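Each chain gets a letter, A, B, C, D and E, in the order it is written, and its residues are counted from 1.
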């Protein structure tokens, strides 16, 4: 780096070129480059912080929730005694239905006792205590089977029954002999039995499809609870939200940004919309209760109503982001379109809107994520509680019949006493996130297609 | 005919109108050898709109108005019998339910048309119960007469409705088709309608606001009747109690709201903005295309997870640092639940609100501006700070407002992270709570709904609404002031 | 037109029991499983009182008795005939981390530990107690940290009356306060029930799982739980005795254990026999197989009502409140 | 201050556009100060004048593009074919379809080259099918003197063209809709002499049927293509007349100074 | 139409910029095809050539502005003052401070006129205080021949200027940072003759100390202001030499055709 040509002498009073080779960075540039490096580092740090928290949260979710996707079952040969189930022996469905689940419980107890003997385990547990290894749903499971096939009565059938949540917890490592010390639901002796049965292949842990497809269960049967029905509820709600809030939000933004005369009234609307974003979601629940249920007489606990409420709640998010991105489209594009004789509407629809699409989709992604995870407004329109128990029959029913939603279901589970519900709550969160990802996938892909610089 | 059938028929008429008008316009243009004013589709749409819009509007009005009118015409039947303390609306409600029940019974075939008419009042409650219609009390003969009258009137009304709506649709379609001539400005007509649609969409926001105010205002007034407004607005203690003697000062709650939101924004805005800048300006396309949706997942994680995260992870960590005997030896923090805990975690949740939208807006700033700045020898960061960000300012402010709004509206993180105790304190390591958290808790609590402890939720909601409105006005003013419009 | 499922709303305390019954009902009857919403006793009663008809709920669950004002609201909206059903009792227990110290409390200990001000030498002074040992030498020397129900919860009322106020009286503080304030009984009661705000007593507006999580995060804390919640979490919680009595369904039913509250539901008579399955559901709910001491509710932690037979009769006859 | 020369119309066509007392304000800036002008049909009219004198502003008045600038206020009367274009009954959209415009700064849509040109014909229904549209696009691009350069990349983005190519693309886009009046704001500023010549040829061709208004800084160009010339100065229309006359024998001293290169 | 002055530029300065075998690809478009050129110090070099031939592209190579175009790939060697500007040790920021640029499309920042010009001096720390900055801004605006027009509205937005005014603003903005090399892409395309003359004067003044590269479509302008001229065609540098020589006696037939207006 020797013979760097120096610039020639300068006439007086004229600022000359700053001396120095390009290969040597001068002090000021060094300082500015350090600032630049810092600035970029802040960006990377910000991104890293975001990612780190995401990783931490996901780890928490996965480590707590993955166990919800497996479930313990017990294989049992149950004698369906005719004298218990059909005293008259005429297989009259009406009479068969009279035998309640309480009538089936002794059969199961008997089967358990026989099974204990068959596997040759020594136990002092009474038959009634034995049945604590099974879910409370066992009797109902059996009853449903018998009512569906009355011809089974009198035979011994092999059924696969859900194990109780404690037994399930034992297989998953949540329950130990020590932790059962003061538990009145299960004893260490039960665990000995389970160990023996596990070796015999009678007790088995498997992937838990019914968690994904099933319905909610009562507080005493966590092992039976599934999120399927609530997922449908969320699906129907999201359909309503998407179908209403996206077009309405975009339309409102277009009007405000492109057509509205700039005056007090539109200012009012503008302020109004940003203000709606700050309204706590539960207040939308109050509104929804008053308007949709009390005034319009839409049914209680219906996903349609939930969807409408969430639509009102997501609108501001979509409108604010859509307006921001409409604003960011350079006016020259509009001029170009108007100049070839496009109407303002055409200019907006054909040119401005596609360019604003990334922002619109971002608003949609954020809005739907918010709507999908919201519980508080659902509380007021009756979608939180023990609701997601019946599958809707058909699409119209799906919108109108009582249902819950995933976040409400998760919230419910998280409140319940049995720790087995805690794992279900986290499992539900996993399902919710997968649902969210699936829902957003299209938006994300579309957004990538629309992104361009000009 | 049911309203949905009528609506379907109207839509069918509109579709027919579309086809007819479109082809008529095309034929006319071909015959007269002239160019159409608008694209042919616009003529079709005009006819379709003429057919559908007024008819559907009429239908909507009819649906609302008919019961009101019928009620007015039926009331005289009941009036005679109404005792001094009878509530007209309740009596009418029974009449309506009874009439609806009779309709349903006839429809399902449980009762014949005549039987429905002749059923004695005394048997009606039972008959209705069989039909699954609950009546508040035994049916009196006046109620029965009123219900029968209701049914007659409703029958007439429905017939008139069908005729009027479908007639209007046909007339509209015909009018639309007849206008489909080359010099008719069909595009303008359609665009006027579209514009109307856009305006109505914008008005939904206003309607929502009106709805919210209406939903809150009566109970708010009721609250102020029970509890002095001055103590609510200026009271510095929040301690509701069932036994009466609650102190319901909003100040500690407002303070908590501000404090927590402020900390959340102090976390979310720098992280979000820098992440957005990095993604839009520095990151490789591929990095950006997965990093952005990943960050957006933060917005989709249910807030209960954040709450637990605050309670179980962040709170204890902070206590270890700032608590008594913490390794910083400061002793500022009593327990894990604190403004700081909730603020930090909420800030993380808000990151994507700032980052994603800002990223889109920054990305929309024309490249020529960056070139202009880089060409002068500016570094990238100088370009971003002095040229790109000012140009993107309105959008970024929008994003920040959105984040702030969510911070104000959040409950779960506050309850789990910051606690439920209202307190006026400067220490960010103290437990506090927010207006929103208290709205939820008072609304879902055990206090009697007519007691001030429950009604205060509405007053809180109303106050919060007014305050955020004021903040938004200020924000709008600031944005207007500092906006830099490119090109 | 025509709703085909029973709709229940109200207390989140009653919800677990109602859901157990609803599930069993759905399994054993041809009716669809009733919908049981939560949202709080008051919200439930408020919706209950909106009127009669299929677009209103049939049953409101409540963890307290309906109030006079609510009955009036109901009447104003045409809900005249209300059947009140008491389903049992909810025991309220005090529990701490399983690995921590064991506690045996008296109400007086709680009063001394949590009162905002306590009388001392003829004047009210700010509560100086920092550890349980300072309150009562028999208790472990552990910092006081109590997670008590927030002011939204009905349990708070029970806690204040049956623990704080009782403790206040038991410890003789009540008398002293009366002396200090010149005999104003109302003020004295209020003073007994006012809790300190220095972070020692933490209000929980959430539910018992939150309390449990807080104890996990802070093992020194002592939380207030429902009996059923405790019984399901014996692996992480140990319960404290109150005045020497360990809480259980038996001790509560017998009245030995002092802290409990009744749970109710309210039915619109006008809906009985109209909404399919409502009558059956209500009867099923109070049947011995369900609500009796050997039924699933009891197994889950509900303290069966000793007067269940009377309740069954009320339901069978459809006896409304004003008729009682 | 209005000293518009009365013109002895020898070969002149009938008037297409009449402007009377047109004023334009941008907020406080008074950009056009009472301009009266008659623009003839089937004629090329050149607007000349120093930078910032209001040429673009006045041009934008003629198809109401100023409507889109917030703060721009236009007063006075402008008639095209006897119809007042600021009349409330006039549809600015129809007006702009009739009065096309090429902007000073090339502003292609961020779409493909093909879509840039096809857009106008599509919204005006000029093509019945794809083949016809292709034909229109090709013809327009040829007239814009850019066909050869882009024919192999019709589906590449229009924003990826060079400056001059973008300008020609915008010309092609404007002629594709077959306007009756074409307003061109410095259409050749970024073009090399050959391309300029081709565009001038296009202008000449258009003149056979339509009227063309062109803003230019090149006196030579104005002299070559226009039949009439208007000289603007500081918002005033100083002189307006036949091009030959203006360049050889201007009446106003300012015109003369400008043409001879003394004021700017 | 050719009043070109023949210049015998005897005193040639040392080389400032050396380019060797420079290729530029935009994705699949091969825009510059192996250009070798030496640009002398204290000289005005004109780039001429038909629209789309790669002038702007090559110009942008000289201060690495092509770095900002996604998909643009530059190969070859470019040295300024013997330093390879694509060397990893070279800081493009410093390079661009040294090699200023006026873009083809005027791109004022959405800031006030004052801030537009003050921006460069501020980031380079050329002014110690407000007064000095004011001075720099005024001087730059004067050199950009726009001071008189904007002196009363220095705090109005730069985007509210007319096309030509924006162009001059961008020139003023570029000279305000006192670069050693100034690259000007058609700086006078939107300017009237007077303003053009003023800018040309500026260029001449700059030449005393710096080197200037100017892209122009006007042969006259090239002839007037430049000492050397490079003729580009289809991405190739066809001919490069003294301006007088190129215009009077070109070696390559393509150059001749272009100059005489036969190829474009």
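By definition in this document, contacts are C-beta pairs under 8 Å (C-beta built on N, C-alpha and C of every residue); 3 or more make two chains touch, one makes a residue touch a chain.
As the structure is a computational prediction, the values presented were derived from the model and not from experiment.
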Legend entry - Least step count from chain B to chain E, where 1 means the two chains touch: 1
Legend entry - Set of chains whose contacts include both chain C and chain B: A
Legend entry - Most extensive contact between chains (C-beta pair count): A-B
Legend entry - Greatest separation from chain B - chain, by CA centre: E
Legend entry - Chain at the geometric heart of the assembly (C-alpha centres): B
Inset, instruction - Averaging only over C-alpha atoms, locate the centres of chain D and chain E and give their separation in whole Å. - result: 29
Legend entry - Approximate Å spacing (C-alpha centroids) for the pair chain A, chain E: 58
Legend entry - Where chain C and chain D are represented by their mean Cα positions, the distance between them in whole Å: 83
Inset, instruction - Just give me the whole-number Å value for how far the CA centre of chain B lies from that of chain D. - result: 49
Inset, instruction - For chain C, jot down the residues that touch at least 2 other chains. - result: 3, 12, 39, 43
Legend entry - Of all residues in chain E, the ones touching two or more other chains: 70, 93-95, 97-98, 105, 123-124, 179
Inset, instruction - Two or more other chains in contact with one residue: find those residues in chain B. - result: 187-188, 308, 366-367, 379, 382, 443-444, 485-487
Inset, instruction - Give every touching pair of chains, nothing left out. - result: A-B, A-C, A-D, A-E, B-C, B-D, B-E, D-E
Inset, instruction - State the interface residues of chain E toward chain D in the complex, per the touch definition above. - result: 1, 26, 29, 48-52, 56-57, 104-106, 149, 153, 160-165, 167-168, 185-186, 189-198, 217, 219, 258, 261-264
Legend entry - Of all residues in chain B, those that touch chain A in their complex: 187-188, 191, 194-195, 197-199, 201-206, 208-209, 211-212, 214-216, 270-275, 277-279, 281-283, 289, 291-306, 308-309, 313, 348, 351-353, 355-357, 359-361, 363-367, 379-382, 384-385, 392, 394-395, 398-399, 401-402, 404-406, 408-409, 411-412, 435-436, 439-440, 443-444, 458, 461, 464-465, 468-469, 471-473, 475-476, 485-487
Inset, instruction - In the complex, go through chain B and note every residue touching chain C. - result: 87, 90, 93-94, 97, 100, 104, 128-129, 131-137, 239-243, 245, 308, 311-312, 315-316, 334-337, 415-416, 419-421, 423, 430-431, 433, 437, 441-451, 453-454
Inset, instruction - Provide the residue numbers of chain C that touch chain A in the complex, in ascending order. - result: 3, 5, 7, 9, 12, 15-16, 18-20, 22-24, 26-28, 30, 32-33, 35-39, 43, 47, 50, 55, 57, 207-209, 226, 228-229, 231-236, 238, 289, 296, 299-301
Legend entry - Interfacial residue positions of chain B with respect to chain E in the complex: 285, 366-379, 382, 386-387, 390-391, 484-487
